[in-house]
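Take a look at the structures below.
Same chain, two partners: subunit A is paired with subunit B first, then with subunit C.
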Partner chain A sequence: MNVVDKIKGQLSSKKLIGIIIGIFLTWFIVAFLVYPNLNLLKLTFFADGRLSLEPFQKLLHSSRALKSLLHSVVLAVSLVVTVNIVGIFLVLVTDYFDIRGAKLLRLGYMTTLIYSGIVLVSGYKFIYGDHGVITNFLVQLFPSLDVTWFKGYWAVLFVMTFAVTSNHVIFLSNAIQKVDYQTIESARNMGASTFYILRRVVFPVLKPTIFAVTILLFLTGLGAVSAPIVLGGRDFQTINPMILSFGQSVTSRDMAALLAIILGVFTLLLLTVMRKIEKGGHYVSISKVKSELKKQKINNKLANAIVHAIAYLLFLIYVMPVIIIVLFSFSDSYSITTSTLSWNHFTFDNYAKLFTQASDFKPYLVSIVYSAVSAVIVVILTLVVARILHKYNHKLSTVLEYAMLIPWLLPSTLIALGLIITYDSPKLIILNNVLTGTVWILLIGYVIVQIPFTLRLLRAAFFSIDHSLEDASKNLGAGTFYTLRRVLLPIIFPSIMAVLALNFNGHLADYDLAVFLYHPLFEPLGIVIKNSSTDQVSVDAKAMVFVYSVILMIISSLTLYLVYGRKAK
Partner chain B sequence: MIEFKNIEINYGNFAAIRNLNLEVKEGEFFTLLGPSGCGKTTTLRSLVGFVTPTSGSIFVKGADITNVPVEKREISMVFQNYALFPTMNVYENIAFGLRVKKMTKKQIDDEVRDIADKVDLNDEQLMKKVSELSGGQQQRVAIARALVLKPSILVMDEPLSNLDASLRVQLRKELKRIQKAFGITTIYVTHDQEEALTLSDRIAVFNKGIVEQAGTPYDIYNYSATEFVCNFIGDINKLAQPVLEKINLQSAKPFDLKKAAYVRTERVHTALKDTGKDFIQLKAKVVDIEYFGLYTKYAFDIDGAVIKNIEKEDGMTIYSIGDELDLYLHSSDIMQF
Partner chain C sequence: MRKPLLIVLSFVLSASLLLSGCASTNQANSGEGGQAPGKTTSADAGKDGTKSLVVYSNSLSDGRGDWLKEQALANGFKLDFVEAGGGDIANRLIAEKNNPVADVVFGLSTINYENFKEQSLLEAYKPVWASEVAEGLNDKEDYYHALVKQAIVLIYNSKLFDEKTAPKDWTDLWKKAEYHGKYDAPSTFGGGTTRAVLAGILVRYQDPNGQYGISQEGWDEIRDYLKFGYHQAEGEDFYANLASGKTPFGPMWSSGIQSREEQYGVKAGVVKPEIGVPYIVEHVAIVKGSKNLDTAKQFVDWFGSAEVQGEWAKKFSSLPANEKALEAAPKDIKDLDASLKTQQIDWQFVAKNMDKWIEKIELELLP
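== the complex of A and B ==
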């Protein structure tokens, strides 16, 4: 009997697969989730083998860096205020008060879900920017208006307020639906007015959700990338654009790393606070027969008219960029240059070019490949982990779960920088290969940042399966893998497809991570769209951005419909 | 057929089962009865193989199966919620175990249709999604899925608990019919004493991880071995000491005043044609009436102690609160522990 046979005899195939999976997961976690981030810390504070606070000194002496920190905090705080005001108003309009056309309004307010990030920022810039439709209109009214009015702090705040409110609305809308209508009826029965009920009965129920989304908003503000880069101008740059700027030079990489670490510490602190709030729990209706929320009429006619007017004004702000992007995608170069619309300049040429010219289609292809491959890899990886967590409940599985959630605690900038700095020279852990500057590093980056969301969804899907189904399968004679293949996976298949679609969609127009990790010969869509948002590019490139954006909107709408729309029916 | 020998099952410091010794005969309908958390389901799961005993052995037909994996035991289980696979239709659910056994398509089809016929599932129902079936139909699918493998033992974990009262009674009969038709040894878990009494050939009453009594339904009911069993099964009166003292004045065989004494409610009579030997007569007053339709439950006061009885609704016996009358009970109906 040779050695292989001996080992075979000692190990069952199940154990062997278990060992291989264990080794692979340990390698993956160490190589991509732990080591790059620790290495970043080491290179920042222990560059010469001993603790050095030099990066702090450099930071304190850099007015640009300090300003960017201040700007990020200012943006985060402002965003908390503006998004809460707009978000709560939108939820009240669509879910709480009886407003005419509420369904249409909701559809309008949700448009930012189909074109987020760099696409949205570029869209807003096209409307409100130097030669934008709105700017042209305003200049006709006020000839002395500076055409570069839409930049800096206010422009960033304006765009980000509308960009992130949709998510805010989804959370709050879910929370408001949980208000037991009988509590409102009983308050009314005791003589309370509409606004008193809103303040004393409804808002307290929403409070925990508002706190939680406020923290997420703060993090969004701190981590802003696209909006400050495109609209911030020289005077309003925040942490992430500064990290990007410092990261490009070897001499200031330590500053970039320190800024990324500071952002990471902020994120950790705020997420800890959020966990505490979540642990505090949400209010749960104690009614045995909970009744559905009915929309409240605003009895005061003036108040009703004002609410309607603001609701429709916000609707216009939301839908205008979408309509204008779609219209200009069918316009020729004259229309785009002059920001005017006319039937005479209507054309399908832009779309035709996308599908006939390889150079125009290439960014799409690059993004589709990156998004699809990373989505598939991350789903396979997290399926294995989720199954381990579902099946085994011991210390090692807890360690595995926490390790896989590391990217949730770290901003993507920090993850990107860790990968770039760590793998810019051959490292044994990746078989003496270099990743920085290769096409692989962006793929790895996408996989890493998608892990926490995917794991949380798939873990929840596994844990929602009735345990007795697995027991029944075994009782009927099926083995572990047969049970997994024939019973468990078919049950969670819809969740797998949903998370695949969401991950694919989420990175199709990504800019924030791509800007750090992309390969210059394989520019993804996000980078191309951002580059086309400057005035220096050709009008053809601008036209192509409209086409890219419209197709992205269609893909996003389809994805969202397939994942959420059909469920809602 | 089945033998549990010195079984102990511990979860950390908690002893779920303590020194369990039980035998189940071939073809028997054997019920494990007890309140929640008493260890009946743990015992059942140890037989199926989902739980490994901390010590002791389980034998089936003389073979020790204590460490045999679940999928190799050939013991089929019907789960409390039926555990039908939601992504498969009825046919595929029943065929699942046969496919695992790698039987041919033809064999699978024959077996599935044969068992479906026996449990009254028609061709149309076979092609339905399991979610489209009623509770009763789902139960029949679960039983068919278990029986199609021709197991030597069938185990059922509270299979009627998810159904409404009238369907429960109807399916109880169905279960009994199927079990008798197949002649399969069946272990049944329930906390419902009525289910246990009507279905079982024998019952084991569990309490806090031990078997208090194992026997026929008649013996368990009429000759309860422990205070727990007599309290758990049926409706019973605990006789207060002053009442027992009065009884002792009339009884040929005096009862021990230091021990608990019980008498079942239906063994307390309000009228007797022939008082006969050893019937004890007690003066009582009606203090409460609960009308159930088929019968009425009366509460009587005897020197400050309360005794209840039930009277069949025969249209004759109607008492009112405050009525004074004599109660009769036979000394042999009094159980002492």
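== the complex of A and C ==
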């Protein structure tokens, strides 16, 4: 009797946990992933209960809005092309071809992992902008050059191309390790050229990863804010700044929502196309015993020289902004306004100021806390979901997976607007709380936008676990939780850490989402940096931006080192 | 394997504690106010008896914010500022209607306060100095009270132009080719000054049959205004451009002139159109739902007093609405005020339509 009771007790407590998790997930999905977005749709088209096409008419009359929309799409499509070219080249250089100094190159290419957004754009501006190093150099060569040459579409595309290769550097280089070396060798023995092997053996393995990063790329391009604002100039403005300005005014919110929805439609379109292409052919590596990839020599001497040259040129492009930011952080305001560097203007004052003035330190705290807390919440949440997906395979779990991937379809602007519009008045679903004007709304925003990416990675990690391990553990008498804790989690631990680090770093200097949702008294770093780099602020504030940026890079590097550096040892 | 997890976990734990700490101080700042005043003071009083307030304003530039923070602290108020353009501040207040962050708002203009009042965002309170303010500036129902009068004027670089060569009115800027590309035109519309300039132009073309109350002619004027003007690039400063001659003409609020003249060493000439110039009145009001109501009232009493406003006027060359403070105001600004004619503007009409105007301008008229 006793034993039966015990079993019954265990069963029901297990069930109870299951039910609680189920209720929680349902609530979360409805409250934050579905309802706000539907509400946004409703507000846009059914403002007073009837279908209204007024926002559409307004939009059609606005050549400026249409042009900005077009720019956003053009940028997104161009980025898909340029970033894939650059990104794949980077990965081939660091992981496939035998290039001298590949390790150093890799470090350079990884700089985008430690800084992003507005900081990165300002860094590039200091090199190619009005008083930039490169501009000064070019003017000496061609005195007739307009010093403001670095603006518009090409400038934005240039900066963004190099800014968003992070995913290639991480995931594509992982994927390329999975290429079976024996296949490459046999192809070569059969007389295939380097290019042919790349095309027929290497790329098919990379294809799924390329697809995945391409979707992310497209979303980044559509949602671009920082680069177009700073570098776009009058002729190349994208839609997001406009959405932002409309989104802030209550009367114009329907316009903002409509524009955001159009972005969402473009994303859907892309996803459909991608799925079609993806279905076209799946390549599965047939070899069971893989041998490790050996770096390939480029036999053609000329080609080899060219590849080396380009690799190092890219290295320079990647590293220069970082160096400039570090150097300027040690310069006084005179050097910053005039973009000159010299020993006479070397100073530690900026750093001293940071650590003596609490107000200068606060944005860090705010950003670090937001990034860390949201990263952890997302990982816990998606771990639960990934585990469910791993364990069960029925309709409900499929629904769960698709629901969790909703944010992937939506530009972050739309997600932010949905939250603002829905939760600016008490709503029963969140117990009649109001989220606007609280510190929580930005946290929720961060959690939402990180879900799809995190889920994809953690799900993959779970599915790569050999089922026999779990079975063995159970056969030996381990409980579910014990198995999870001592067998499964340790296996996927590296993936968890990687995702944590990427999520954390990714939102440290976030501007694009924060600008919609931040609490006015807790300004995150991205907002502070943007305000001081563009507004008419004192030069001191501009100097602080560099210090902020440097410390940001240090924090990010440390995080990456904790995750990746140790593994390398 | 274990160690990094431990580091990360402990880090995250402390981080979340911090965040909840931030959140709870925030809530403490805005703890139960109305019902239990005694409790409030103990909740938001700092160690030395100072009380904190969140203040929204667009009038904190040129050192105003720092000065006010200092003075207020000496009088027992710890202020947290949220600074942005007048329109942006107004939008934020409206967006936060159901969960206000601000305790007090000051600056902006009558248009905004009329809007706030209509949406019942304000708490009625009659400050002790209300009767000292010039007739007709305060809200009759005591929701907001006037601090400063501000003329929104077109200024020019007096080294390069004089009364004869400068434009006579805003409309000259785009109607006369000689000024094309030489005046500063807005690209963003969140600022109170920009909005007042637009109002000053648009109300001349009021037409009940026109879109949003403005005739087609009026919209064409705005289109030309934006088309023939120079739009600042990121990081540019209007007065710096005025001084350098890049754009010798542009809008300015009257109390902002003096500090810039000193900073750039260039005197500004003021255009005095026949129709007059828009005057905006900056007010102070308490935000409804403020959890620090008592402190907010005390702050308003202190801030609007003749003494503080007089100091403010001396320091930042403003034109106080408080007649007792007016005596302390600098002579220059009083002379300027005397020389300007007030443009007749139906501010209620403006308040009703401004957001739609801005939307139309951003969608259709901005080049």
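Worth a mention:
What we mean here is this: the second predicted complex is superposed on the first by the 366 of 569 C-alpha atoms of A that agree within 3 Å, B and C clash if a C-alpha of one lies under 4 Å from a C-alpha of the other, contacts with A are read in each partner's own complex, and residues count from 1 in each chain.
Just so it is clear, contacts are C-beta pairs under 8 Å (C-beta built on N, C-alpha and C of every residue); 3 or more make two chains touch, one makes a residue touch a chain.
Nothing here was measured: the structure is a model prediction, and the numbers come from that model.
Taken together through their common subunit A, the two structures put subunit B and subunit C side by side without a clash. Of the two partner chains placed around the shared chain by superposition, neither subunit B nor subunit C is touched by A:Y364. Looking at the shared chain after the overlay, A:L469 reaches subunit B, while subunit C stays out of its contact range.
By the touch criterion stated above, A:P490 is placed in contact with subunit B and with subunit C alike. Greater residue coverage of subunit A by touch, when subunit B is weighed against subunit C, goes to C.
Once the two complexes are laid over each other on the shared chain, residue contacts for A:F218 go to neither subunit B nor subunit C.
Of the two partner chains placed by superposition, only subunit B is touched by A:G477; subunit C is not. Looking at the shared chain after the overlay, A:V376 reaches subunit C, while subunit B stays out of its contact range. In the superposition on chain A, contact is made by A:D424 with subunit C only, not with subunit B.
Once both structures are fitted on chain A, no C-alpha atom of subunit B lies closer than 9 Å to one of subunit C.
Comparing the two complexes, residues 490, 493 of subunit A contact subunit B in one case and subunit C in the other. Touching subunit C in their complex are the following residues of subunit A: 58-59, 61-65, 148, 229-230, 233-234, 242, 245-246, 248-252, 255, 365-366, 368-370, 372-373, 375-376, 420, 424-426, 434-440, 443, 490, 493, 497, 500, 519-522, 533-536, 562-563, 566.
Here subunit C touches subunit A in the complex through residues 1, 4-5, 7-8, 11-12, 15-16, 18-19, 22-23, 26, 54, 56, 80, 82, 87-88, 91-92, 94-101, 188-190, 231, 233-237, 355-356, 358-359, 362-364, 366-367, going by the rule given at the top. Touching subunit A in their complex are the following residues of subunit B: 48, 50, 70-72, 75-77, 79-81, 83-88, 96-97, 100-101, 145, 149.
Remark: subunit A residues 466, 468-469, 471-479, 482, 486-487, 490-491, 493 touch subunit B in the complex.
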